[in-house]
Every structure is written in C-alpha cells, then in structure tokens.
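These are the structures in question, set out in turn.
Paired with subunit B in one complex and with subunit C in the other, subunit A is shared by the two complexes that follow.
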Partner chain A sequence: MVLDLLLAASLLLTAWRSLYANDPLQAVGLFVAYGLLLALAWARLDALDVALAEAGIGAGLTGALLLGASRHAADRSFSDRIASPMMRAFLAAGALSLTSIVALALWSLRKPRGPGIAPLVSAKLSESGVKHPVTSVLLNFRSWDTLLEIGVLVVAAFSILALRLARSPPRKYDPMLAALVRVMVPILGVCGGYLLWAGSHRPGGAFQAGALLGAAGVLLQLAGYDLLADSARRGFRALLVVGFGTFLCVGIGVSTLGHQILEYPPTQAGSLIFWIELVATISIAVTLNLLYAASGSGAT
Partner chain B sequence: MTAQYSVYALAGGLLVGFAFHALAIHTHVLKRILAWNTLGSAAFLVFGAIARRNTGAPDPVPHAIVITGIVVAISSTALALALARRIDEENKK
Partner chain C sequence: MSGALPILIGGPFAAAMVSFLFTGAIGRALSVLLATASAVAALATSIEVMRSGVQIHALAGWGAPLGIELRIDGLAMLMLLLTAGISLAVTTFAAGYLKGDAQPHFWPLWYFLWGALNTVFLVSDIFSLYVCLELITLAAVGGTALSGDRIALSASLRYLMSAIMGSLAYLLGVAMIYAQVGTLDLTQLSGRLGSSWSSGAALSLVTAGLAMKTALFPLHFWLPAAHSLAPAPISAALSAMVVKASFYVLLRFWFQLSEPTSNQLAAHLLGALGMAAVLWGSVQAALQERLKLVVAYSTVAQIGYLFFIFPLFGGALAAGRSEWAQEAWKGGIILILAHAVAKSAMFLVSGALLQTFGSDRISDLKGAAVRAPLTLAAWGIAGISLIGLPPSGGFIAKWLLLTTAIRQEYWLYVAVLLLGGLLASVYVFRVLWHSFLTPEEMPSVSRIPGSMSISILALTVVLLLMGLRPAIPLEFTLIGIPLPAGDLR
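Right, the complex of A and B next:
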C-alpha cells in the first residue's frame, strides 16, 4: 500500500514535470521516466503483460520516437502557451472540472464488484488453444480487436510511406556503437523469440516480442542501417502487411469450414494462434522500425 | 483490492486532468503530442484500476484491450511526428 502511494505520487510528479518542462529534451526524458514508473504500476496491478508492453512500447519506443523529434524542436519556442488570460482561465476551469468528474465517477465505483468476467475467461481457457488468459483474450476471444489493431499499424505505416519523407544524411561510423550492436542484436533476438513462445502460457506474446525485435532494429538504424532507403522495395512492403494478411486469411479461412469469422476450431486453435503470432511479430517489429525511421531520429 | 483500486484510479483521474490541461494550453506541436500520449496512458491506468475491482484475479479483458491501446497510441504518435516533420520540410523550402 505504501509502495502504491509512493508510486502514484511519483507518477503524478514526473508527468507534471514532463508536461510543463521548458526544454524538449527534459520533457521527453521525464516522459520516459513516467512510462517506466507506469510499467511498475501495471506490475503492481498484476498486469505483467501490460507492464511489458508499456515498458517496451509506451516508454521505450515512444521515447525513442519523441527523442528524435525533440532534437528538431529546439529551434522554436517549446514552452509557448496560449496568451489570452480569459482562455487560460477557461482551460484551467475545464481541466479542473474534467478531473473532478472523472474522480467522482471512479469514487462511486470503489466497491468491489464480485469476480467479474475473469472466471468466464478461465472456464473457457481450455477451448482457446493457449494457457495464458490475456493471450487467449487477445488472440482468440477478442481477436477482432487485435486484428483491427494490426490493421491500424498497417494504416500508420502506409500513411507514413505516403508522406515521402526526406531521408536523413548517413551517420558517421561509431566503433563503440557498432560493438554494442553486435552484442545486443542477437540477445534481443533471442529474448524476443522467448517472449513470443512464452505468450502461450505466461506473460508475453506477439506485441512484447515485436517491441524487442523492433528495439534490435532501432539499434541497427542507429549503427547506420538506412531503413527508409529499403522501404520502397516490394519485399519490405510485404513484411509490413504479412501479419495483417495472415490474420485476416486465417479468420476468413475458418469461416469457410462452417465456423464464424475468427472462430478457431478448439483442436487447431493453439497452432493457428502460434502461426498468427509468429507472423504478426515480424510485421509489428518491421512497422515499429518504420515508425522510428520516420520520426526523424536518424537526422543529425 | 479496494485500496489499490482507489490509489491508481485517483492517480489516473488526476493525470487525465494534467494531460488535458497541458494539451490545451501549449501551442508547440511536440508538447501537444507528448500531452496526448500522457492522456492516453492515464486513461489506460484508470482502465487497469477498474480491472482490479474484481474479487480474486484481475480481469484479463481490460489488460488485453490496454495492450491493443498501447500499440494504437504509438502508431498515432508516429504518424503525428511524421506529419510534423513533413510540415517542417515544407516550411523550410
């Protein structure tokens, strides 16, 4: 309980300092710290899958994107605020009332509500093909959400490609970085593979694995690999869509066998989910790398 | 469970307020993208606190949906940053 209170206080403090910082680098640094504290909060809330995703994607990769952008942000006045006093008072009042409404609504929900739908998930877990409840929800019971989410990644990737961003100048060769990359990339690859495999029976899965493999790709980009140069190739674009495409084909494929769309037959569900996750991990990792390349992080 | 729910729900509610205010009052695009991200993660935290209201194990459905949300958030952030960069490129011409 004391730990929870301390964690909540540090969350509020880092978020406040990050949101009202005058220096872009400071703001982004504090945002990453906030994200890591948030991952701890998720671990305290018994949501290890979310903690992994928040640490890897929410804090790590989002931080890397923002860090790249923050270097271009310094030329304009970062701390500019709306000048009109009346507008400022109005916004402060608006934020205060929003907080009060949210706090009141949440306060009214403070009584425990019984077991919820967790028992329903565990009762049907044996039909889902995996042994971990969160993976069963993500890849089976609510696979529509996950399918569309991978669709969002595809849309983001192709919108970015459509912007035809100018490529950054090549980086200077850095022997220290190159040595680090040679050690780290294989380790990240093995850890990503482990997380993917672990997702079937314990916290882990395609998104966490994709984040780690994405991090390996970000290191490669830092060491000089020019991803935007490759992005025009057909093979690269195929990697962006293969996850969504496989998921969609499996979803429609099972419907031709007399099931609903995305309703896997319980006997094959395990292997279908494994293949979807494997292919989705590749697409997620490549897409996250494209997102990183487009944020301008490569420019020096 | 109730105590933990209250702590994180309240923190999430306050974070929503901070982030909304920062989003509305700042004019720099990077600041707004940052505030937008914080607003999203605060909403996720509220959701996570609600998943903890259960007696017994926490609810896996909100957890799965928050993972989905985190990935959608990074997609929108990256697209916003790429658009901002493209606008900069246009302005420099």
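Right, the complex of A and C next:
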C-alpha cells in the first residue's frame, strides 16, 4: 500500500517535472524515468505484458527517439515555439477537465459489470495453439488487429523513407562504446529471443522481443553502423516488410484452404503463430531502428 | 461468404509490398494488377450483397464477441464501391501526374491508404475500427508529406497531431463502452448502452474524436493546409475518402449503437456546427487565391452538410415520421457519395491545371477555357454537383435533405442549405470566369498525359449518372440498416 502510494506520487512528480523541465535533455531523461515507473505500476497491477511493452517501447525506444530529436530542439526559442507557457496552460486545463470527466464516469462504473470476454478467452485458450491468454488474443482471437498494427509500423517506415532524409555525419570511434556494444548486443539478442519464445506460454511476444532487438540495433547505430545507407537495398526493404507480408499471406492463404480469413488450421495454429511472431519481431526491430536513424538526422 | 473478400482485403496491401520491393516496370504492373483485382472483388462482393443481403464473415473463425466480425450491409457496400471507383481513378491519374523520382515513394503509401480505407468499411468492431482509422491516418499523413518541402511537412505534422488527439478521445470512449457492456461488436452493442452518465460521456468522447478527424468546424483547422499541400492524387483521396471514413464510423455509432431520438440536443449541436461549417467554409473558399485551397475549403463546407443528417433524422423520429427519417438517411448517404466523386474530380482537375499552366493561382488561369476546355468542363460539372443543381448526385442528395427539413419545419437548416448552394456557385463560377477571360498573350501550356484526362472524365460521367439514375444507389442505402422503417432484408 505504502509502496503503491509512493509509486503513484513519483509518477505524478516525474510527469510534472518532465513537462516543466528547462532543457529538452532533462525533459527526456525525466520522461524515461516516468516510463519506467509506469512499467512498475503496470507490474503492480498484474499486467506484466503491458509492463514489458511500456518499459521496452514506451520508456526505452521512445526515449531514444526523443533523445535523437532533442538535438534539434537544443535552443530555447525552438521549444518555446512548440509550447508557449499559455499553450501549456491551455493544454493542462484541457487535460484536467478531460481527466475529471473520465474519473467521474469511471466512478459511476465502479461496480463490476460483468467480466467482458475474459471467460471466453480462457474457455477457448486450448484451441488457440498457445498457452498464454494475451498471446492468444493478439495472435489468434483478434489477430486482425495485430496484423493491422504491424501494418501501422510498415506505413510509418514507408513515410520516413519517403522523406528522403539526409544521413547524419559519421561518429568518432569510441573504444568504451565499442566495448559496451560488443557485450550488450549479444545479450540483447539472447533476451529478445527468449521473450519471443516465452510469448507462447507467459508474458512476452513479438513487440517486446522486437523492442529488445531494436535496442541492440540502436547500440550498433551508436557505434557507427549507418542504417540509412542501407535503406535503399532490397534486402533491407524485405526485412522491413517480411513481418506484415508473411502475416498477410498466411491470413489470406488459409482462406483458399476453405477456412475463414486468418483462421489457422487447429493442428498448425501453434507453429504458425510462432513463425508469424518470429518474422514480425524482425520487422519490428528493423522499423524501430529506422525510426531511430531518422530521429537523429535532418530532412533535406 | 464469397471468395472475393480475401482479394478485396489483400489486394491493395499486397500491391503496396510489391511496389515497395520492386520499383521497376514489372513491379509496377504487378501492383496495378493486384489493386485492380481488389476493385473487381469489391464489385463482386457488392453484387452478392444486392442479391442476398447482409454478408457476415467471422475473422479467424471465432465470431463475436471473442473474435472480430466483418459485416457488409448496404452502407458498407456503397462505401466499398466508392473506394474502389475513386481509387482506380486516382491510380490512373497518378501514373500520368507523378514525375519519375516521386513514383517509388508514392505507390507503397498510396496502395496502403487504399487497403486501409477498405478495412474501415468492413469491420464491425469498435476497437478494430480504431486500428483501421489509425492505419488510414498514418498513410494519409505520409502521403501529405510526400512533396517534401518544409510547409507541407509542418502541415502534415499538424494533421498527424490533430488526428491522434481525435483517435485518443475515440479510444477512451471505446474503453468506457467496453467497461460497461463487455463486448466490442457493433451489432451486439446495439441497444445495450443505456442512457447512463458514463455512456453519455463515452459517446461524447467518441463523437468529439471523430468530429476532429472528420474536420467538423471549428475542428477543421488542420484540413485546408494538409489537403491543399499534398500531391493532387493524395489530396483527392483525402477529401473524397479519408474524412468520410471517420464520418462513416460516426454514423455507425449514432445509428447502430445509440438511440437516435435520445440525444436530440446533441444532434442539434452537431447540426449547428455543420451550418457554421457550410457558411464559414464557403466564404473562405470564395476568398482563396489558390485553386487547391478553394477546393480544400469547399470540403470544410460540404462536410458541414453531412452533419445535418443527425438532427434531421432524430427530429423525424421524434415526430413519429419514419419516412422522413429515411429521407434524411438517404440524403446523407448520397451526399457522401456525390461529394466524394465531385471532390476527387476537382482535386484532379486542380492537379491537371497545375501541370498544364505551371501555376495554381486562379488569376493565372486566364485563357484556360480555350487551352484546356475538357478539364474546365469537368470542373464545371463537379461544381454543379457541389452547388446542388440537376442533373447530378449532389442535386439528389440536397433535394432529399431539403425536403425532410421543410417537412419538419426546420427553417434554419433550409436557409443554410439554400445559401450554401449560392455560396458554392460563387467559388465555382469565379474559377470559370477567370478561365474565360482573354489574357494579353495566350499562356504557354504543356500537354498532360491521356491517363489524367481519362480519370477526370470517368469521375464526371459517374457524377452525371448518379443524377440521372439515382434509384440505383438509393435502393441500397437501406440494406441491413436497422432504421425504424427500413427493413432487415
């Protein structure tokens, strides 16, 4: 209880400090801290999948993207232009009134109204091909949504490539960084692989694994790997779309075998889900790296 | 369920992948083939809906509420046909319009936008609708930024921020609805929301979010810059289809999920904002110097009319006259279709004129009527539909709306419908007038590829046919729509 109160208080504190920080770097640092605390809060609420996603994508990769972008926001006039004190006050007032409306509505919903689809998910879990309910919803029961979500990442990558970004200047060789990369990249690779495999029976899965592999790629970029130089190669492009493409082909392909769209044959559901998650992880990691590469470079 | 559905869904997405990986001639031909197959599949699916009524497809074989269902009724069918038709025209136009180095970036984003538009008209699940709208938004924003200059970039960024604000409000409303009812399926939700405080808050959040994405006045601030700075084929898709996608979702919420009579006050608020949009958008359109901004502000105005459907429908039901409600419903749907065709034609005309004369300033159009008579004729026909003159789809739509407004004695809506038509004629004829002026010396023109003219002409022919044979779309607006007097076929 005390721990939870402390957690809630520090969430508010880091959020407020991040909004009113004096320079972009400090704001981003506080934002990452906020994200990690939020991940803890999700973990306390027993939502481990959300906690993993928040830590990996919400705090980790978004933080890295913001760090890259903050380089362009270094002077004060820029950050003032995007959010003047009056604009901030206006946004705060809007957010406050929205929060109170939602709080009031939630208060009127405080009595439990029935379990939603959770009992159905547990009843059908054995037919889904995986043992973890979240994965069964994401990759089988509501696979359509996940397919389109991966599509969202593909569109983001297409949009970035269409901007024709300039490459950032090469970095100087840094022996400390190089040593760190040599240690960290294999570890991140193994952890990502584990999360991907774990997704079939416990919290984990493609998005979390993709975030970790993406982090490994970001480290490689920090150490001097120039991703944008590769972005015109067909191999790179194939990696970018292989997740969405495979998922789509499977989803449409099963319909030619007399099934509904995205309906896996029951005996192959488990292995199909594994392969889809594997290629999706690759595409997610590559897309996140493209986002990171773009965040540090300027438009032509 | 027919075998056409997988092709309808998968075609444009597959085309996007192919055009991304293979930028050569073979890749382009293959992607055109895949996308065209999707349009043909849309036609095949529509024929099935006409023959045997509402089509339902349980994705992944589970069915609601565990899984997601696709449900194609008359409204969805018309929107799918519209998407297929407009997308074919845009694809044909873009092949001639875009310069060589812009093409490899354009095609993947465009085909993705096409595919995303299809999905939103298919799904019958309020969370999945959110994902579909997000996919549309991202592809649309990417398309807006295609021209790559700084102004277009900042316009597309503002578009992105506004659209995401709208999405978040929508998502919050969806979460509250799920907490109350425990299902996400539109059909199962129907009539189960009740009129509690929290359901009112949820519906308000959903409505506000979708109004932002549909650019209802005064939430339209992002639209003129985004729609006018995008490349012409993307502009056409944005104004014709993308704003209609979020409006379509709003229609689903108001007519399928909640009781249309229970919130007549909110309906009149939407109607009032719609009236303000008509007046403000039309006046602004008449004042613009650049052709594409005229067309963009005209979209702000025409979206206003769409929101008349809420008060006119609810008022008719409150008066106990379901046939008046049907008139409002049909008028609104036909207006969606007619505006989409007319507006895409107008944006394509703007693109063609820009390429012919090298400028899209209205004052530079002197002599255009002589140099590009067909293009200007297409502008005129599309304008006739926007004004609401016969024979055009716009006339049928406005006639229906006007009739039901007069019957219900909503004189303010009647006045705005008539005044809006008058104001539209100002900005339509202002362009024509400039094009008929004789310049000191005839402007030098560059010829445009035939594919551009063909797509523009095809759109105007459809527009005229809608006015001459209105019974065809009208008949289908009621299939499977649970309106009080509309039957479930």
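The working rule: the second predicted complex is superposed on the first by the 273 of 300 C-alpha atoms of A that agree within 3 Å, B and C clash if a C-alpha of one lies under 4 Å from a C-alpha of the other, contacts with A are read in each partner's own complex, and residues count from 1 in each chain.
Quick note on the criterion: a residue touches a chain if its C-beta (ideal position, glycine included) is under 8 Å from a C-beta of that chain, and two chains touch if they have at least 3 such contacts.
These figures come from a predicted structure and were not determined experimentally.
**Student:** Superposed on subunit A, are subunit B and subunit C clashing or fitting side by side?
**Tutor:** When both complexes are placed onto subunit A, subunit B and subunit C end up side by side without any clash.
**Student:** Kindly classify A:Arg142 by the partners it touches after superposition: subunit B alone (first), subunit C alone (second), both, or neither?
**Tutor:** So A:Arg142 meets both subunit B and subunit C here.
**Student:** After lining up the shared chain so the two structures overlap, which partner does A:Leu109 touch, if you call subunit B first and subunit C second: first, second, both or neither?
**Tutor:** Both: A:Leu109 reaches subunit B and subunit C.
**Student:** Now for A:Gly35: first (subunit B), second (subunit C), both, or neither, which partner does it touch?
**Tutor:** A:Gly35 contacts subunit B only, not subunit C.
**Student:** Given the touch rule stated above, what does A:Ile57 touch, subunit B (first), subunit C (second), both, or neither?
**Tutor:** Only subunit B is touched by A:Ile57; subunit C is not.
**Student:** Which partner does A:Val121 contact after superposing on A: first (subunit B), second (subunit C), both, neither?
**Tutor:** A:Val121: touches subunit B and subunit C.
**Student:** Who touches more of subunit A, subunit B or subunit C?
**Tutor:** Touching more residues of subunit A than the other partner does is B.
**Student:** Give one of first, second, both or neither to describe whether A:Ala238 is in contact with subunit B, with subunit C, with both, or with none.
**Tutor:** A:Ala238: touches subunit C, not subunit B.
**Student:** Thinking of the overlay built on chain A, is A:His259 touched by subunit B (first), by subunit C (second), by both, or by neither?
**Tutor:** A:His259: touches subunit C, not subunit B.
**Student:** Check whether A:Trp16 is in contact with subunit B, with subunit C, with both or with neither, and answer first, second, both or neither.
**Tutor:** Only subunit B; A:Trp16 stays clear of subunit C.
**Student:** With both complexes overlaid on chain A, does A:Leu163 touch subunit B (first), subunit C (second), both or neither?
**Tutor:** both
**Student:** In the superposed model, how near does subunit B get to subunit C, counting Cα atoms only, in Å?
**Tutor:** 5
**Student:** Need the overlap of the two footprints on subunit A, from subunit B and from subunit C, as residue ranges.
**Tutor:** Looking at subunit A, the two contact sets intersect at 102, 106, 109, 113-117, 121, 141-142, 145, 149, 152, 155-156, 159, 163.
**Student:** Name, in rising order, each residue of subunit B that touches subunit A in their complex.
**Tutor:** Of all residues in subunit B, those touching subunit A are 1-22, 24-31, 33-35, 37-38, 41-42, 44-46, 48-61, 63-68, 70-79, 81-86, 88-89.
**Student:** Would you tell me which residues of subunit A are touching subunit C in their complex?
**Tutor:** Against subunit C, the touching part of subunit A is residues 101-102, 104-106, 108-109, 113-117, 120-121, 124, 140-145, 148-149, 151-152, 154-156, 158-159, 161-164, 234, 237-238, 241, 244-245, 248, 251-252, 255-256, 259-264, 299-300.
**Student:** Provide the residue numbers of subunit C that touch subunit A in the complex, in ascending order.
**Tutor:** 1, 3, 5-6, 9-10, 13-14, 16-17, 20-21, 57-62, 65-68, 105-106, 108-109, 112, 116, 119, 123, 127-128, 131-132, 134-135, 138-139, 141-142, 145-146, 148, 150, 153, 172, 176, 178-183, 196-198, 201-202, 205
**Student:** Within their complex, state which residues of subunit A touch subunit B.
**Tutor:** Those in contact with subunit B are residues 1, 4-5, 8, 11-12, 15-16, 18-20, 24, 27-28, 31, 34-35, 38, 41-42, 44-47, 49-50, 53-54, 57-58, 61-62, 65-66, 68-70, 72-73, 76-82, 88, 91-92, 94-96, 98-99, 102-103, 106-107, 109-119, 121-122, 133-134, 136-138, 141-142, 145-146, 149, 152-153, 155-156, 159-160, 163, 165-166, 205, 207, 284, 288, 291-292, 294-296.
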